[in-house]
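Both of the next two complexes hold subunit A, though its partner changes from subunit B to subunit C.
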Partner chain A sequence: MHQSILAFRKHRYLWLALLVTALCVTAYWIDDPQEPANGGTVLGYTLGTLGALLILWLAWYGVRKRRYASTAGTVQGWLSAHVYLGAALPVIVLLHSGFQFGYNVHTLAFVLMSLVVASGLFGVYVYLKYPQRLSENRGGANRSALIDELEDVDERSKRIASKLPPEFQELVSSGIGRLQLGESMWQRLRGRDLSQVLLKRGNDYAVVANPGQEAALDWLADQQAKCREPATAAVIGELSALLRNKRRLLKPLAEDLRLQALLEVWLCAHIPLTAALLAALLVHILSVFVYW
Partner chain B sequence: MKFLIRFISRNAAGGTEQHDRLVNAPIITMGRATDRMLHLRDRRARLEHAQLEEQNGKVHITTAALAGVEVNGRSQRDARLVVGDVVEVGSNILRVIEAPPGTDFAFTFELSAEAERDTDTPDHYAPEAKRFSLRSLSWILAAAVLLLALVVPGLGIVNPQFAAVARGSKLLPDDTWWLAGPLHTAHTAAGADCQNCHVAAFERVPDEACVDCHEVNRHVAGDTHEVLGERRCASCHLEHNEPPELVKRHQGLCADCHRNLPGDVLLENAGDFLLDHPGFKVSLLQPQVNASGETEWVLQHRLLADAQTADRSNLKFNHAAHLDEAGILAAEGRRVIDCAECHQPEPGGARMRPIRMDQNCAGCHSLNFDPDDPRRTVPHGDPDAVMQVLVEYYSARLLGDDPDAGEQRVRRPGRALTRADRDRAAAEARVQAMQVAEDLFERRVCVNCHEVTRNDDAEMPWTVLPVKLTERFFPHSNFTHAAHDTAASACDSCHDASVSESSADVLIPAIESCRDCHGSAVLRHNNASQTPSTCIMCHSFHFEAKGTYP
Partner chain C sequence: MSLDLVIVGGGPAGLSAAAHANQLGLNWLLLEASPAHANTIQRYQKGKHVMAEPALVPLRSDLPFTAGTREAVLGSWEQGVTPFGARMRYSSEVVSIAGMKPAFTLTLSGGETVSAASVVLAIGLQGNPRKLGAPGEDAAFVQYTLDDPEEYRGETIVVVGAGDAAIENAIALSRNNTVIVVNRRDEFARAKEGNLAQISRAIEAGTIKCFFNSGVASIDHAGAVVLNTETGQTRVACNRLIARLGAIPPRSFVEACGIRFPSDDPTTLPELTGQYESNVPGLYVIGALGGYPLIKQAMNQGYEVAEFIAGREILPADHGILEQKFRSLPFRLGVDETLALIRERAPLFADVNGLVLRELVLASELLMPVQGDVIFRKNDYTNSFMTIVEGEVDVETDDGRQIRLSQGQFFGEMSLLSGRRRAATVRAAAPCVILESPRREIIRLMNSYEAVRRSIDEHFIVRTLRAGLTPDAPQEELRAIAATAEQLSFKPGDVLFNEGDDADGLHLIRSGSVSVSRRIGGRDIVTSYVAAGNYVGEMGLVGQARRSATVRATVATDSIFLKADVFMKMLERNLGLRERVQETVRERLSENLRMEAQPEAGDLISFLMQQGLGEATDVLLIDETLCIGCDNCEKACAETHGGTSRLDRAAGPSYAHVHVPTSCRHCEDPHCMKDCPPDAIRRAPNGEVYVQDSCIGCGNCERNCPYGVIQMASRKEEAPNLLLWMLTGRGPGPGERQPLADDREGKKAVKCDMCKDLSGGPACVRACPTGAALRISPSEFVKLSKRAG
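Now for the complex of A and B:
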């Protein structure tokens, strides 16, 4: 039975995070430090230490999840705690700061922490929402079944094109080779079909944009209309039918790639910003005590 | 230019297949981008990797790639191609062949044998998305943060010259990036050099750094500041805070002890201005006549709310009469006067200047004694001198020494004054002087403001009680008129002068009057018009060594 990481062990870590948050808020409420609340009061140092240790522990998740032999809890449990305690971190850090901000390294650390937490929360959101959308998009099949079908269409297209003049073979092979559903994560997120195809126009070949196989299909329709031999025209028609089939199959694949990119893209912010945050945390602590 | 491209590929049987493509174009582009004429399915290739182009009738291969392309085994970025040349473009091999008739340039194009073996790429439709390496980016970001926020500003500690350069530069990060809060304006004037106070790295600001500029005898006796004990200057004086607060104003600073003082302390308990504060006591100068009959002034603290508390300055003064809305009789006629006519703030505006007869009263209260001679006045402040002036004045008139006083001369024309004339004149002058003095002291002038009594001294039979006005009623409070915006609020919103008919009234507002605006240190006890007020707002800090307040 699948259990969401959020519901792990009856929301054990949700309660822990709420408890920690409540304790910190209560302490801040009660504390009367005889000066404007800031990171340098007794409670300020306490919350700061708690926040710094929490950041280190949260970052350690990246190490723990790679230690397959470790028996220190399950990775699922760690992730559940990582999510809930990570969400509690901004509260602790805000109370530590006494809501004092400025253009300085201390606020830099705060901003980086906020970005890391925000990207993490976005990660939680997509992990909860997109697997469902992914499988809906594929109609129950998995991606390799989709690709098998596409490759089958490609093979049949090549076979049919071999019965036609070379420009048809160029059309098919360049259409296959120059298929591009986004090379980078950004292109995939935008869902752009960057495919091209090589078309013979007059005596020359031209490379033409071929999103959704449109250019190839238009060219084929054109050739079919010009064709005087009914037998050849029928073969061209067959090829058109295959490419239309391919177009139908490419849509869910492109969406699959887009959704997968969405599932991964938050990590591109979460991980490097965590590294920057750890550096900024070190700077924050050192700089406070350099000029104590 | 007409190019012939001969594609060579291996079929499943192991043989080779070829097909030609004729291209009539000025250049042949090649790269990983799908719009290149020659599409390179090679992740190492650039999107726009290289191109064939005509230069002066010859065909060149050029590339923007730093690594160049391999022409006959040599890496080049621009190479002229002749028949027989072999070019490696990524994992493809381009061989220049003899151009058949009707074409200008011909070459074969095939995948290298190595790449051929890897053609079975299952990820053709869904290859891994290209993205930057998270690990490299992580290192770069972390290093950038450390460099910009720690190393460069930190260099300034090691090398003060560099610190000056960094602080002067708009681009270089300096140690202002480390500021936990703004420097108080009181300290920016002393120079924005962190090292002025932060003498050594990783050490707290020492008290010596404060004493370098500040005199601390407000808190401690003498030159030493060691009586602070475990406390540091910075225990109470906080920098880099928001809101900026150089003086700790926290209620607990005083109230922690004062809300419950030990039994042997004479001072009453005070924990909060609104909720737990004794009524005001005023410091009043009280006259006391000593054994030799002289008046001595003694400072006494009296409860303001006590009905017995009276200002005993020996001055008779009626505020209500002076502030009469219909005006008061002055030399030039009726005149309406206001408080500011007499009560003028000191420079700085904290307190009021002392009231003085010559500056504040003499304008109306003339000390003239002879209606026929209105310019003549007696001196103020010394009754004996008054008598002396009067006697001298009338003697001179009788003896003719005074050129202005002509008609009552005792000397007959053509005859010198005899001794008897003089004695007679002196006696007559004294009688006149005494008559005028009696009028001044008892009926017309002095008695208006002063307590005058008869005594049995024949020479000077009146005693005028000395006057001394209390200048500070709350000598230990930090009250300042300037902070209370006296321009906006009328004096009588605190001082009931307009109904006070006696100078015995102490016109100092009671604590209830202050509480209209000053509330508890704890916000929730206050109404909308009350500002939270802690002890430090009115009282000054003290240490035991400095002595306690009376």
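Now for the complex of A and C:
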């Protein structure tokens, strides 16, 4: 029923990409120009034109993806073709260049293209690999359900803390206010919990790192051990149980943010590099015509 | 003072009756229970756009009425009735009406009585809020409605009641006030799950205090309420007491006036003459109470009823429309004669009240197909009901036979009852005149007239049996079996029968659907899913003594139960029939065996059924092993539908990597269509349930949808040019358009229409880059689940 982008329509675009590649290689093989193979021969221009058109078409995917009423195929079909033909692009461009490189704008365009293709291949890798992990990590729930549950735990913690001295209320409210999970893309990718909490030590409050609520739990354990009133100790125990619950929820949440970030981060390279490639490509083509 | 008439109720119908009675010089009085006119419309949200449907019918009233804001409509009426002065009496609740023409006695809640020759009942369907029933129940700080919880701040408010209205009020008020809830029981048993969770949390958190097992003993006018609690009486001082104890439906009051209803069904309308007169001479019923919920219709009736009471003849406002409708018919008769002809030719309508039949014909289309024309095709999603007024049609069955139906017979009842696709193609066999009636009108008729229901059900049974199990059985024998049939209703999760029970008969699934499961290795394994229009329990008919599986309703399900002994006698008489039934049984057994080998597949089906997908016809499922969470499906939905997405991808549960997002599943018998005043929710021939532009924004469908897939949304700003946006980033991106600030039309219901107006199919599926989104019908669940297994 469901079908991945690679398997789309019995690998239709894989076959197309292989065919195009094979034709180009064969042409390069057969071609016997008077000068060494380069972008200036007839075949060189042909392959260059093909490559440039292919780049424009590949970039057009960004437009097609957002043309929601378009009936020109499905976005999945486009992506499948984008992946396979994009992977074939370096071959075409290499043949176009006749394997000639230098410190110039032409090679810059080639390098940018290679980076775009490489980032794209990484994208294919994460698209195939991470969705299943994301799904398994959530275990049938969804992110907003996890967040709702977390908020519920926070509310209950506040209520219980209100029965205890002010330092406990400070612990809970600072723990909520200073929760830092996935604020930036980088933080999300590293899956790091940069949360902090205000703890009373002696007569002063100190800001302490609180990854996974560990600092808060340790402090509570300490307080519970020192407490001499059984009733209060029981309430501290309740609060501790809630924070342990919170710790249990934060883990899949951080992992969810991390995996989702992995699914998106490569675009931060792929898209700007594409823009740079288009600019370099334009300069490459113009300069060839100017210095003809 | 001797009055010609008293109008009870100051809504659109009553006001219009008053205005015209005044115009005709009648001696009249209007009694309205609430302190202002048009109480229901007063309670609309501020600035709400009021529609003037149906557009076809002209307005006939001395009061103005055009579509506009709530304020404009109310203002124009207020201006219209101000000159009537003391004839308009507000805060005057009528508690009883006794007598008949020309001597009625109306008693008001204060004990005062009023006498009149005629009475017009125009009290609508809202009913009066149930009162506290304790001394002081009408104290100044006691109220029975709450319009805007934001109005109150810093008060101590006691909320009495345990239903959804009470809970919603209490929670909204608790943001800015101290709220105390009084609940007669020890739990909130009647509340919706979401509300229950919220109030439980609030009580646990202490943000709302609740007295359980408590009631109001008395109310102290100084601003306190005395409660009977578990531990004795307590006095609670408060600024305000809000009682939300539900409404008393007006029916019992109406019956107490002597008016008869044709059946006990709560949706039944009272029996009325063509002049809106009930069985009590001189007592008239108009407006929503008489079955006309739209403002314009109600106002027209107000006008007409005043004419009738003044002894004048007037053609109904719809006369012209019917005349137009009948013009092209071959009969060349007047309006009343044509209606009489339809009644005479269609035995189904023989006992139907004239006004009801007129309304039915008005809402129906008259089709005139010539020989060979297709009236509907097999697998169409239409669910209208066809009555042959003239001519003959052929029903084409699966095995290529044709069943001829002639003048007076009806067809289309299978889809009508089950909500499923058409079971057969029907063609005209001669030039015909066919009355095509909308589903809701026929359902209403069935609820009002037992004879209509019985006749339609009987045909349904006979035709279902002939379509599947016993195609060759003689019609008469099947009819005899149908006569012994029993109608049963099941709630979701109810068991039709258990594995190991006596196999005493067959269930035809009339509407809804069921799952079949077997207990294997200590757990239930679902082996199949059976939809409406099919049957379960047929194994009992071929000599099996015990049920071999458990059958449960997946959604609210009606079945028709046929006893085994009656059926088996028929099988004994018809040998071929017996073989055919055995063949069906064998096929089903082998499919069940296949499923039993894959318990995971059964688990996935159970999960999908728990999501209410048993009543779905087309559902969006997401494969989580492919979904990258880009939300392009939501953006596609928004951008192809004026900026508002009709689906929420991330919401909803998952099982075995299959995710059921919050998105319309186009139910067989859509809950949203049940109570739409302008009938704006329609089902297209391909099954799409969509909202028409005539939506008045009442929000009924949003509340009625159990799956939360309908939202009330304002129109959104225009989208910028895509290329320009991609280059400059100016303006809202896909899926980011903001609501228009000055939307005069107000919020309207929006829901998935399966992109029926787009070529290429649903945009959500076509826009999914990885192929994770898929729309399928429940019949494909088994195929899907095998992949999981």
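Here is the rule we use: the second predicted complex is superposed on the first by the 292 of 292 C-alpha atoms of A that agree within 3 Å, B and C clash if a C-alpha of one lies under 4 Å from a C-alpha of the other, contacts with A are read in each partner's own complex, and residues count from 1 in each chain.
Just so we're on the same page, a residue touches a chain if its C-beta (ideal position, glycine included) is under 8 Å from a C-beta of that chain, and two chains touch if they have at least 3 such contacts.
Since we're looking at a predicted model, the values are computed, not measured.
K.L.:
Determine, under the contact definition given at the top, whether A:143 touches first (subunit B), second (subunit C), both, or neither.
P.N.:
both
K.L.:
Taking the superposition as given, does A:79 touch the first partner, subunit B, the second, subunit C, both, or neither?
P.N.:
second
K.L.:
Using the superposition on chain A described above, determine whether A:184 touches subunit B (first), subunit C (second), both, or neither.
P.N.:
first
K.L.:
After lining up the shared chain so the two structures overlap, which partner does A:135 touch, if you call subunit B first and subunit C second: first, second, both or neither?
P.N.:
second
K.L.:
Thinking of the overlay built on chain A, is A:104 touched by subunit B (first), by subunit C (second), by both, or by neither?
P.N.:
In the superposition, A:104 contacts subunit B only.
K.L.:
According to the stated criteria, A:32 is in contact with first (subunit B), second (subunit C), both, or neither; which is it?
P.N.:
first
K.L.:
Give the label of whichever partner, subunit B or subunit C, reaches more residues of subunit A.
P.N.:
With both complexes superposed on chain A, more residues of subunit A are touched by B.
K.L.:
Take the contacts of subunit A with subunit B and those with subunit C, and give the residues found in both.
P.N.:
Comparing the two interfaces on subunit A, one with subunit B and one with subunit C, the shared residues are 143, 260.
K.L.:
Considering the complex alone, what residue numbers of subunit C touch subunit A?
P.N.:
201, 204-206, 623-630, 632, 635-636, 639-640, 650-655, 657, 659, 722-723, 726, 734, 758-760, 763, 765-772, 774, 776, 780, 783-784, 787
K.L.:
Enumerate the contact residues on subunit A facing subunit B in the complex.
P.N.:
32, 34-36, 38-40, 100, 102-106, 108, 112, 143, 146-147, 150-151, 166, 169-170, 174, 176-185, 188, 194-196, 203-205, 207, 209, 253, 256-257, 260-261, 264, 267-268, 271-276, 278-280, 282-283, 286-292
K.L.:
Looking at the complex, which residues from subunit B come into contact with subunit A?
P.N.:
Where subunit B meets subunit A, its residues are 19-25, 32, 34-37, 39, 41, 122, 124-127, 129-132, 134, 137-146, 149-150, 153-154, 157, 175-182, 194, 198, 201-205, 238, 241-243, 245, 248, 250, 252-253.
K.L.:
Over in the complex, which subunit A residues touch subunit C? Could you list them?
P.N.:
1-5, 8, 62-63, 65-71, 74-76, 78-79, 127, 130-132, 134-135, 138, 140-144, 152, 155-156, 159, 260, 263
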